[in-house]
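If you scroll down you'll find the structure; I have some questions about it.
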Amino acid sequence: MQALDQAALFLIVLAPLAGSLLAMFMSRDRPKDAWYFAILVAAVTLALSIYIFVRYDYTAGGYQLSRSFGWLGAPLDINLSLGVDGISAPLVLLNGIILMGGVLIAQTIKHRTRDFFVLLLALGAGVFGVFIVRDLFFLFFFYELAVLPMYLLIGVWGSSTDFGTFLRTKEYGAMKLMLYLVAGSVLIWIGILALYLEAGQQGVSTFDMAKLSDLARDGGLDPTVQRWIFPLFMIGFGVLAGLWPFHTWSPDGHVAAPTSVSMLHAGVLMKLGAYGIIRVGMDLTPAGAEFWMPVLIGLGTVNVLYGAISAMSQGDLKYVIGYSSVSHMGYVLMGIATLHPIGVAGAVLQMFSHGIMTALFFVLVGAIYDRAHIRDSHILNGLFKRMGVVSFCFAIAGLASLGLPGFSGFIAEFMVFTGAFQSDVRLGFVPMALLAGGLGVVGAAITAVYILRLLARTFFGEADRQWAHLTDASPVEKGVAGAFVLILVVVGVWPEPFLRVINVSVATLLEAF
Amino acid sequence: MELAWLIPVLSFIAFPIIVFWGKRLPGGGAPLAIGAIAAGFALFWVALLGFLAATPDTEHCLTDAATGTLACNFQRAWFNAGLPGLPDSVALSWGMTIDPLALAMLGMVTLVALMVQIYSLGYMKGDPHFGWYYACHALFAAAMLTLVLADSFLLLYVAWELVGACSYLLIGFWHERPAAREAAKKAFIVTRLGDVGLLLGILLLWREVGSFSMTAAFELAHSGEMSHGVATASSLLMLLGAMGKSAQFPFHVWLPDAMEGPTPVSALIHAATMVAAGVYLVARAFPIFQYSGDALMAVAIVGLVTALMASTIALTSTDLKRILAYSTISHLGLMMLSLGAGGYTAALFHLLAHGFSKALLFLGAGSVLHSTEQQDIRHMGGLRKAMPLTALLFSLGAMSLGGIPILAGFWSKDEVLSAVSHGLHPVFIVLALVTALLSALYMARAMFVVFFGPSPESEHHDHPVHDAPLAMAAPMVLLGVLAAGFGLISFNWPGSFGGIGSFLFYHEPEGFHFTWWLGILSTILAVAAFAFGYLVYVRKSLSLEGFRRSFAPAIRVVERKYYVDELYQWVVDRVVMVFSRFIALFDRAVVNDVLVNGPANSARRLGVAMRLHVTGHVYSYALVMALGAAALAILWWWRVA
Amino acid sequence: MVPLTYFQLLSAALFAIGLYGVLARRSAVLIVLSIELMLNAVNINLIAAASHMDGVGRFSNFDGQIIAIFVITIAAAEVGLALAIILRMYRNRATVDVDEINLMKW
Amino acid sequence: MPGLTENLLLLTPEFALTGLALLVLAVDLFLPESRKGWLALISIVGLLGLAVLSVVMLQGREETLYGGLLAVDRFALVFKVFFLGLGVLIILSSVDFVRKHLSHPGEFYGILLLSILGMNFMAQARELLTAYIALELLSFSLYVLTAYARSNPKSNEAGLKYIIIGAFSSALLLYGLSMVYSSLGTTSFAAIRDALASGAGAGPTLWVGLALLIVGLGFKLAAVPFHMWAPDVYEGASLPVTAYLAIGSKAAAFALVLRLFAEGIVPVVDIWSRWQIIVAVMAAVTMLVGNLVALAQRNLKRLMAYSSIGHVGFLLAGIAALGPGDTLVANGIILYLVGYAVTSIVVFAALIAFFNHTGQEEIADLAGLADRQPFLAAALAIGMFSLSGLPIFAGFTIKFYLFTAVARAGFLWLAALAVFASFISLYYYLQVIRQMYIQPAPGAPPEQSHGHAAEPPPDSNAHGAAPDAASAIPSPGWRLALVLGLGLAGVFWLGVYPAPLVAIIEGASRAILPGG
């Protein structure tokens, strides 16, 4: 136990990274082996992530399982500091789950299989890294590492789609996604440099987030400077979180991406952005965060409504889910911006919940696309008859996404609203949080509109003869989808294990405000 | 009394078991669901007796200051949002309140659910998704019972949404029928729009009260510490939710369509229980509504408009189930009107009486449909001979709702009228009486046309029309007894129950008043209506042709249901979808193509333009170099000079 | 004694003429010749500076001459190499006109 | 001040290197055509030996030779080892190329070795004439190497342009030198510093002279506006030579610039602080022009030329940010040079391997490389990712280090611009990766887009089917594989754990920045 505690965080990054490197040396001609190997690696990381989550002692709070390895000395003072708190622990678990699901679903990848897993595991490693490091340099390092494989994952294994009026090639989707995310990281990078400089002015020349956080809490950072720095983080990380109007990479990326990649993309990658806003933006520049929160909460509201309204008129299933992700990430941003313990905790829970839910969606859309070679919800119909399990799970995912009680999304969104209604974030005389909460509820209703329309149109009703050949989900798909459904329900009915972990760290986080 | 816990929980447990192992269980899992609800019904009696025996000194019980009734509260922790130590944190819990209101609903829901589930054994026999049907029923029962027992608005909202989802699943039970599919979607979306209001109202209260506890909110309202504006705003918002669920104008459009579901579902969910949840909500939150005052007026107006509108449509509808649906809407409107008039007891009494009667009517209609496979009353007639039991019971229900004395509906409707006449402007009582008359008229129409009128000669059925089998008949009989005799509980009874008026009350210890003039007037109206119906539809001695001709345009408007559906369709197609398409196009054309691709393309074009400076001629390289050198030299000099 | 400024002006003029040659000439050979002019301007500057280092025109600092000698040497080598390349150019393309030597551009 | 013998002793590696070059040239005369491979072997063994010798002999020495002409210090030693190692890698990767595409291998290796000698001296020079001679030694070698493919008109043209512009710039540099000399009477870096500090002899002549010196060096660096030769020369030169130009010549020039600035100008803070902004603007323009124009390139070598101009911009930002006693910036520059070199060698080795088989050098020619030769494609992709500054490769670490240093020196705007420019560069690096991984190989069936209303397309994973045998490329020979392996190891190592290297570089920076 002691040894594992010491090594757990290090291992959870090392395992997928080493897996990725080792997979490079596997034979190209035996794709099954690569798949088995990736499953093995993903299983190890999943086990580790569960261990980390369970091991996190919520009564003690703070950062746990911490380790620190020196990397570069003064004046840069970069250390590989690891540690999880109650905000990152659920996200680590989320990544473990989604990575496992993604690897399993990638069974259908037949082309350059080995390379696919090399990149997928590297992506997983990057995401784990972001969630567990306590150093700005390494946070940025892993952040970029998570972005890097996306280009090839989408570009090589993705699909191009002709929508009649416009064409979305996989090259376009991949390139846009990559450029967009790196553009975001440009801002983050500049923000990190500015923060480093400002801290250096105060004699704390370091990238160590613990020290920077302490400095910020002691009032060591000039609030004016913080106000300049925070928007860099807000927009930079916001790009990854799908912050309006920097969201278009996300739906287009989904349309181009293969199933597993969509799962990781919407499931965890977008969470990195929101996590970054919390961990870097709010924790290190609290005064700036406080100043900008009315704007963020406004943008989050726009996200919710804009994403939902856009989703309403989309025909392509992946576009629907893509825009719904934009909408749901809006709740995360909104929750964060309430600066209220319930709202922020709700946002974190929403990250987890949406991760699972949207991954489930993509598993199902992938299953449909693999069989029908089409994703247009106006052409597909009556799928329930041919693909009972897929349709059933899709309905469940749909109900979860419109915030039906009994599923995790409800708890999370409800907490976000609750937080928003008690938060006093305001812009001048305008009670932004209250407005956001109110419009957020409306957004949930719009979600119901497009989800139910989609269900009715595509899954229920008579099936055309052309869909007679469709078969139901494969055992692997059933297993993954079933597991996701189970998680949605369990968290929805009994969120306590998550909330008690999240709450303790959210409370610490909000002490700065 | 604490065992009341188990009432919803049993059904909750039954749900996953039937979903996962239904096929392997005897009877497709139906006995499990029925057993769960039967146990629930039994437990209801335990709870009722326990409650009747309780006093304010009993543990967990006290007299609620806001409502003036005895209420018993039991808690189970659910989860904490926020840290327990923090000032802002809320601990959310599964809590239940047992008070007369909850008990009354509990009894009605468990009983009707039990009856309907038994009835369904016969009705749904042989359906390929029999197990799924019962699973949904179990889940619905569980959610509905939770809703009734909830002691906090949060829990109420949770259950509220769940019953909506069950309604969705059950309306769309035959999901391959496009009409069912569309109806399910419509029902969910329309109620969901109302739910926006409910949730906002709840959140607004939470902002004011700092807790989701109903008791806390009521106490705040009762003591007058609640801001009046908040009370009005939140009660109006909650009213929106209630209007959605109880199909009040303008959210009524989903309920008639919901008749696409299996008829027992209509009986249970869309007649007796779920649609009554809106009325229940207003009754539950009555202290806040009353504190606001304005909100009560809104309730009354909504109720009246709905009642009038729906009863006129019911008169012109030709679909048996839809007639019943509009009747339901109309009666729910009456309940709302009664609540708006301050007639708390009357509304709930009517809710119960209507629930039993309407469930009976639906089950009767189901029996008709089951054997004739026909829904249009123009193709029916004279079924009295083929199915006498159904005819008898249906007529009983119809007359009860029509307000024929000593049947349940007479007493409750009279209570409502009495409350309206006392609490509101005279216009309301006039219009309410009109509604009562219309209500009796359409009931008479449905009853006489289907069972007593001449049978249409052109119709002949592939298989002989038969009366209900035992599984379907028994529940109908039981409900028939209630429809006939339920009114009797309005009298003063010895013992701690003491009649519905003493049991269900709000502040005043006695809620039952009988107003003689109203009673006589309404009896006259009802009897006249039925007599008129008999003359028109059975004896054919009166003809409506002249009336129809002279009021053709007006009738046409009513037949088209006041064009509300068309209006909705227009709004959805022409406003919502157009807006959505506009946003989607905006997203692609402006946000993506201009704001995203634009800078990217500009950068590339800039690169293409800039590369021209490397001309390939060596002297131009030298020239630029020389110029650069000159510039650098000048700058270098200038900076230190 | 001729003042240093005169030498410097001469040098600058020579440099400018060379520079003009580089920019204006289209023959590679002439461009190389012009560069030689510029290098000789440097040499004049160096030697004149060395001779005026003490202010009286007697050589007290020999660095200038030394540098000049290096420059002459290197310039010679440079011209040799340049002419060799120009020769190859002429063999391959039958031209030494820099206007035509633009296979590669942009 | 060491005596004459000591002076000579400390220059042993340079003498030995000269000897090695002559040896190679001499041996060439006696080797039959089929044995010319020995020359490369001799050179490599010699260079490795010299590297070891240099470390053993000069480790820890801090001397100034010949009255201030040459330095023997940690800085020079680091660069010496760097250049010698680079020579080894370049020779290793050129053997196959030379055998296939060039004649006279003896002179090729000999001249290459001489150019390394020039680079070594550039890192050591503490005086302008010495620096100039060293620079010319390097330049002459490069002129020859550039024009080495005698019958290739592009090579000729590149050589001609290079030598004309090179000579022109050395004329400017020499004119600047003569102005410095005429105002100071001496040309050592230390004298320049003293004059600037005291004001004695300082005046417009000195300032303009210094500016012209910078022009001459700017040419060597290919800094805007002295960069225009670079794309042509890179494109025309043979690939190994292009690699050498991009890495070696640039590093040597930066070594010289670093020492000139660190010892001659930076210590005089009040003057340097006025000039800093000019260098900073130059850096900004350089990084923008290089990266923007690179967006529009089709030829791989030309692309690498503009990309390298972009990287020079980043490095110049480092120069602009130099400050007295602040080793962080100098560390950043040297680390960047090493990281850039390691990455570039991977890229160029992969390109050489590709060229050796196909003779193609357009970006579009790389189509389907991932299927035709996965190892090369992976190496090239890693190189591209590293150049664009993504982790876990060297590019990320070195950029982060350098930009942090620049920001810390008070040039946050410049660092921000550098980050942005680096983002622009991502696009064209990705274009290369796109060709290799996404575009189908020539001869492979083209891929259709999956139209919504269209026929059900074939199995969605069937695209990019295995290329026909004709377009497949054999794996690179062992020499190139070795270079690629070493390079990739370096790329990963620098990307993950550069601390040991940073410690070494710190010593080098201290040597030129006393008081740090």
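Letters A, B, C and D mark the chains as written, and numbering starts fresh at 1 in each.
Keep this in mind: contacts are C-beta pairs under 8 Å (C-beta built on N, C-alpha and C of every residue); 3 or more make two chains touch, one makes a residue touch a chain.
Remember, it's a predicted structure, so these values are computed and weren't measured experimentally.
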Count the C-beta contact pairs for B-C and for A-D, then tell me which is higher. A-D
Specify the chain most distant from subunit D by Cα centroid. B
Separation of mean Cα positions, subunit C and subunit B [Å, integer]: 98
Averaging over Cα atoms per chain, report the distance between subunit A and subunit D in Å. 40
I'd like the Å distance between the centres of subunit A and subunit B, where a centre is the mean of that chain's Cα atoms. 37
Distance in whole angstrom between the CA centres of subunit A and subunit C is 65
In subunit C, which residues are in touch with two or more of the other chains? 22, 31, 98, 101-106
Tell me, which residues of subunit D touch at least two other chains? 160-161, 164, 168, 172, 231-232, 296, 427
By residue number and range, which residues of subunit B touch two or more other chains? 600, 611, 614, 616, 618, 622, 626
For subunit B, which residues are in contact with subunit C within the complex? 611-612, 614-619, 622-623, 626
Note: in the complex, subunit D contacts subunit C through residues 129, 132-133, 136, 140, 143-144, 147, 150-151, 153-154, 156-161, 163-164, 167-168, 170-172, 174-175, 177-179, 181-182, 185-187, 231-232, 235-236, 296, 302
If we count contacts the way the header does, which residues on subunit C are in touch with subunit D in the complex? 4, 8, 11, 15, 18, 22, 28, 31-32, 35, 38-39, 41-42, 45-46, 48-50, 53, 61, 63-64, 66-67, 70-71, 74, 77-78, 81-82, 85-86, 88-89, 92-93, 98, 101-106
Touching subunit B in the complex, subunit D uses residues 160-161, 164-165, 168-169, 172, 204, 207-208, 210-212, 214-215, 218-219, 224-226, 228-229, 231-232, 271, 274-275, 277-278, 282, 289, 292-297, 424, 427
Subunit A contacts subunit B in the complex at 166, 176, 179-180, 245, 247-249, 252, 306, 309-310, 312-314, 340-342, 345-346, 382, 384-385, 399, 402-406, 410-411, 414-415, 417-418, 421-422, 434, 437-438, 441-442, 444-445, 448-449, 452-453, 455-456, 460-462, 494-496, 499-500, 503-504, 506-507
